[in-house]
Structures are given as structure tokens and as C-alpha cells.
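Just so it is clear, A, B and C label the chains in written order, and each chain counts residues from 1 on its own.
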């Protein structure tokens, strides 16, 4: 009679040395990383009380106390969102065209890709800090920040869409003897337009969320109001602001998904 | 109708007159909205500051170079903290996001009427609020430090991971689930053998992708006191030490590029 | 060699891709007006490269291309675009711009003639619109003018592709595997339509085609390409087991040489052949009935 044969599923990493080494490394990292967290438990316990106060504040948010400031902040945030989205989209289209390998001159391609890489690798807040330092406090700095962030996002995705376009259609339009711009309008635009509109709406959504953040570093918008409220431990006001932000984001997300379906 | 007969000639236009009118009206409305928003937004803008911006930029730029290299010695530890905030925050988010995703996906939720809407609200709430705002709140509650940063990252990431994960779960191949169920497997077994293997690659990809984003986000949490390299950035900005700021920005740039590279490599390897 | 009377002439045309593959190896061809030439050969023989080198969608590495008197291979960017207007191209996967309407696709054949703003605003000259409508009528798609291209069937799309190429008022058609994505019946209808249009307009055509039987049925001249070289150039009747072996390699060709076809197809081939010699106007109603 043959001996009973054991079966166990094949491990993810075949080499046992490597496998146990990897497990060991992960455990070691977790120990080191968790050890690096210094927690002041007395502070946390005191804070938990405030935490509960905050959770409680969500149940009875105070819209009235700071209503004028909330309205001001929201007005700045919303106008900033609209203008920055329009400006960002307007600039993204030429940069996106330039950053698509299949239609742009290699030198233009490299320049546009470099521009995109730089504008993407910094967090919006860092860009906002720099703009505040240049143009002063207020929503204009926020407008510049969100425009730059929009360019980084939109032109990259637009360029990728163009690179994914059906080469057969591009070739066919080129074979008619058209000029470069005609080629773009007849070969490229019809292929990427629906998704571009979708991306613009999606970005509008993101921009509103960003506009609530840049205020923390002085670039205008509802973030400044929120920052003040939290600094003063006015959690009920903060909760009211956050609920408004969540509500606007939900409405924006819902209507943009409806619009996108209608476009396609 | 785009094609019409007019004075015995064929007239062809891309759109019917009514559609053309609607399109023009749409563009006009967008232009008006933008112009109005611009007016409202800039009513308090001090244009002399804006006009001064190029000079300011040159000035700041000049003070940024050369970076103060010796300051780097004091940045390694905050950088290590930053990476820990991102990594531990992502892990913590995964722990919560997986059950939320199971509750939110149409094909795995225990109740469409109750559990799914609650899970969806958790996802939207988490996604609407930037990690910096979470950090602001948590620093005020827990006090400054890494813990606030980790929880802030986790709170923002739960919505992101759960949303992409439940969408992936709703797109799985139902035949495989059926086949497993047909063997007489129980609910948890169906989950483990029919659903988990299908979403595993997507799940790993999403987690890595979020980790990469979190590295970028965690670089600024220090601005509000939640630990990491942002603390040094804040300190340097406060004393207008632009040559330290430029060094920090370079370091952040390097870290972000490296994490993006790692994430792209790992995602390519698993798909 | 002095300029012949051909509408298209290739001299020692060669193409080596950056990967090192030699796709064309010194091809000489002289195509008179009104001739329908079928280019056959195995996959990778260079058929597709050859027609793309003619309008320089692919840059040839050596040799010359003449379109009438003009040397296409010596033209600058702007003149190349002008030359491209005179060469209509038809594609294997139709290559219509899917999200544009049938009419826009046909009018895109006029892009080389109208300015940017006119084309952007879709305000094409009246003559172009009338021409496009007439072409759509000729290929039997009057009813589809405002349909989007992605709503059409394969055969209908290829008709739009043909109308687009003809909208250019070309001297020659470059046709790349027009039937590869179509069923056998539609394939024949499309080939017949192409040949008839060439006859009507005294157009030359270079047709890349996989299907040897279709080539024999419809073309007046067959050129066999193998590894970038011309290995057969002659009438369709000249294709024998030997020549097919030269082109494609060893195989049992006995079933291919004498296609078991009815009279009409033989007629079409004869008509196509005659087209090279004298322009004939076919009866339009009969064509419509067949298609």
C-alpha cells in the first residue's frame, strides 16, 4: 500500500528561504514601525472625551452660529471650483495633445510629459503654500493651485486616452491628405470626446473636495472656516461644515454620473 | 433634420437647428457661469500682490538655491515616520475597508435595504473628506503625533479602497460562484472559493495604489501636527528658511517618484 | 528609366523597419490608368507595407514612387498632403471614425481640399455635399446619411469607406484587404462594387487580398509578392500550381486554380480586365440589383 500523500496548496513564493525571509522582513518592519509611534495615553484619554463630543456634534450640528462665515467660505469654494476647472481643462487639452506619443512631435512630447510629472508629484497643499507665498492669502491662490492640479490630472489621462485611440481610424483620416489640426478634429476628437467630458465632470467633483482643503494653508474657501472652527474646538460648527461638504459631494457625484451616462 | 432640401439644394449640417441652438446656449451658460464665478471669487483679491507674483517667485526661487544640504541629517527620521504613517494607515484602512466592501457589493451584501446604504454612506463620507481635514480633527482630539496621522490616512483610505473593491466584486464572473455553490458549499465557503480568488488581484492592486497615494498625502499631514516630514516643512516655512524648504521638496519628490515606481512594478507583477 | 504612361509607378521600392525586418526588397511596378491590380501573397510578404509606402503612411527606406508626373517620395510635407488627396485608401477593418456620422465620414474625404475652420464647423462647400450624397447613393446608402458609423453592418461600413475614398476624387485607389472582415457573399459584393467603380471612373486600383479566388475573379492583373519581392506579375489566368507555389510555398493548389464559379463572376473579371483598355459604363440598375 502506498504511503498517504500529503497535499497543501503551493505557496506564493516558491523558494522557502525567500519566503521566510519575506515574512521575517514584514514582521520586523511592523515591529519597528509600530514601535516608532509614541502615544501619550493621558492625552489620548483626555482626547477621547473630545472625540465623543465630536461624534455627538455630528448628531446635532450647529449651522446657525457661524452661518455668515460658512456662506462666505462655501461661495469661495464653489466659485474657485468652477473657475479652476474651466481654466484647468482649457490648458489641459493642448498639453494633453502634446503629451500623446502617437500624435505629437518627440520634443513636444517630452516637454509636456515633464510638465505633467512635475505638477503631479506634489500634493495640492504644497502647491497651495507656494502660491500663497507668491500671490498672498485668498481664493486666487486656491484657484491657481486647483488649476495646476487639474492640468496634471486631466492632461495625463487625456494623453493616455489618445494613445489608446484606434490607430486604424487615425491612419484613415491621415490618408485623406488632411492637415494636422484636421486630423485631430476628425480622427482624435470623436474617439476621446465622451471620455474627456466624463473626466472633466469627475475632476469638477475632485476640485470641490480640494477646495475644502487648500483653505487650511490660507488659499481661501471653506477650509479656512473649518480650520477656525476646529481650532476653537467648535465641533458642532465643524460637523455642520463637514455635513454640507459631504452633501455637496454626494449631489455632485450623483449628477455627474447621470450626466456622464447621458453623454455616452 | 441635419439633411434638408433648401431652394432645390441639399443642405447638410451636423446638427438639427434646435440641437445647434441648445448647444450654443449650453456654451453660453457655461461662459456666463465662469465669468460670474470669477467676479465673485476675485472681489477681494488684491491685484497688486498678484502683479507682484513673478518678482516674489523669483525671490523665493533665488532663496531656495542652493538647498541647505546639511539639514538633510535631520530629515531622515521624519521621512521614516512619513512612510510609516502611509503604510500603517493603509493597513488599518484595509482591515476596515474589506468588510465595508462586502456589505456594499450588491452580490455579497446581507441586506440590500439596510446594510448596503449604510456601507455606501460610510464610503461617501470617508471619500468626501480629505485626509488633511481628518488629521486636523484628530490632532485636536488625540493630540499631535503619528497616531493622528495614521488614523487620518486610514479614515480617508477606507472609502477609496472599499469603493474600488466593491465595484470589482460586482463585476466578478457569477458562473464561478454558481459552480462553487453547486457543490453544496456554505456561504463562507462560497466567499472563500468563488469570490475571493476572483477579486484578489484587484484587491492587491487597489491597496498598493492607495499606498502610493498615501505616501504623497502623508508628506503634508505634519502641517497640522500629525507627524512626518510635514512638521519640518511647517517649521521651515514659519522661519522662511526657503533653502530648507527646497531640500524638503526635493526629498518629497524623490520619495513620491520612488513609491510610484514601486507601486507600478508591483501592480504590473500581479496583473 | 523614363516616366511611362502609368498613373502609378514604383522604382526599386524598399522598406526596412527599425526592427531590421526587410518588408519590401526592390519592387518595380507600373500601373496604367483604369487597371485593377490584385496584390496577393502570404501574410508578412509586404503587401500592406507596399500600399502604405505609396502614400507614405509608412516611409520607404529606398526607391521612388511616382504618381503621374510627381515623385511622391521627393515631396515635402505640404505637397505630400496634396498628393495624398489623389490617392484614396480603403482599409481592412473599414477604419471609419466610429463616432462620426456616415455623412461626416464621407466628407472627411474632402479634408485635404477644405480649410481647417470650414471642416471644424462642418461647413463643406455645396459641391462637396452634393458629391458626397451622390456617392452615398451610388453605394446604396442614401438612407443612412445621418446614422453613426458604429451603427452599420460590416458591408455597409465598407461601402462608406469606399465612398470616403472616392470623395477625394482620386486617380488611384489603394485598397488594403477590403474583404478580410466580411462574409463570403458580402466580400464578393464589395469587390464587384469596387471593380465597377474603377471602370466607371477609369480609376486604377491596387488591392491587397488574401483570397486568391476573389483576386482571379475580379482583377485584371495579379502581382504575387513573397518576402518583399515580386515573384509573379501577369493576368489572373496565368496563376498555376507552380506560380502559387512560388508565391505561397508548397501546398495542394489544384482546388484553387480553377474556381468552380458561375458565368457572372467570370464576366466581372473580364469586365475588369477590359476596364484597363477602355472605359465602360455599367448599367447602374443592374448593379443595384446585385448588391
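Rule of thumb we're sticking to: contacts are C-beta pairs under 8 Å (C-beta built on N, C-alpha and C of every residue); 3 or more make two chains touch, one makes a residue touch a chain.
Predicted model, so just to flag it, every value in this text is computed and none were measured.
Undergrad: Tell me which chains count as touching both subunit A and subunit B.
TA: C
Undergrad: Is the C-beta contact count larger for A-C or for B-C?
TA: When the contacts at A-C and B-C are counted, A-C has more.
Undergrad: Taking each chain's centre as its mean C-alpha position, how far apart are subunit A and subunit B in Å?
TA: It comes to 5 Å between the two C-alpha centres.
Undergrad: Compute the distance, rounded to whole Å, between the mean C-alpha positions of subunit A and subunit C.
TA: So the centre of subunit A lies 49 Å away from the centre of subunit C.
Undergrad: How many angstrom lie between the CA centroids of subunit B and subunit C, rounded to a whole number?
TA: 51
Undergrad: Which residues of subunit A are in contact with two or more other chains?
TA: Residues of subunit A touching two or more partner chains: there are none.
Undergrad: Check each residue of subunit C and list the ones that touch at least two other chains.
TA: Those would be 104.
Undergrad: Using the touch rule from the top of the page, what residues of subunit B touch 2 or more other chains?
TA: Counting only residues that touch two or more other chains, subunit B contributes none.
Undergrad: Can you list the residues on subunit A that touch subunit C in the complex?
TA: Residue positions touching the partner: 166, 168-169, 171-179, 181-182, 185-187, 190-191, 193-194.
Undergrad: Spell out the part of subunit C that touches subunit B in their complex, as residue ranges.
TA: Residue list for subunit C touching subunit B: 101, 103-104, 122, 124, 126, 129-130, 132-133, 145-146.
Undergrad: So in the complex, the part of subunit B that touches subunit C is made up of which residues?
TA: 1-3, 9-14
Undergrad: In their complex, what parts of subunit C are in touch with subunit A?
TA: My answer: residues 55, 57, 80-85, 87, 89, 91, 93-100, 104, 108-112, 116, 119-120, 161, 164, 168, 174.
Undergrad: So in the complex, the part of subunit B that touches subunit A is made up of which residues?
TA: Those residues of subunit B that touch subunit A are 30, 33-34, 37-38, 40-42, 44-46, 49-50, 52-53, 56-57, 60, 80-81, 84, 87-88, 124-125, 127-130, 132-133, 136-137, 140-143, 145-147, 150, 216-217, 219-220, 223-224, 233, 237, 249, 252-253, 256-257, 260.
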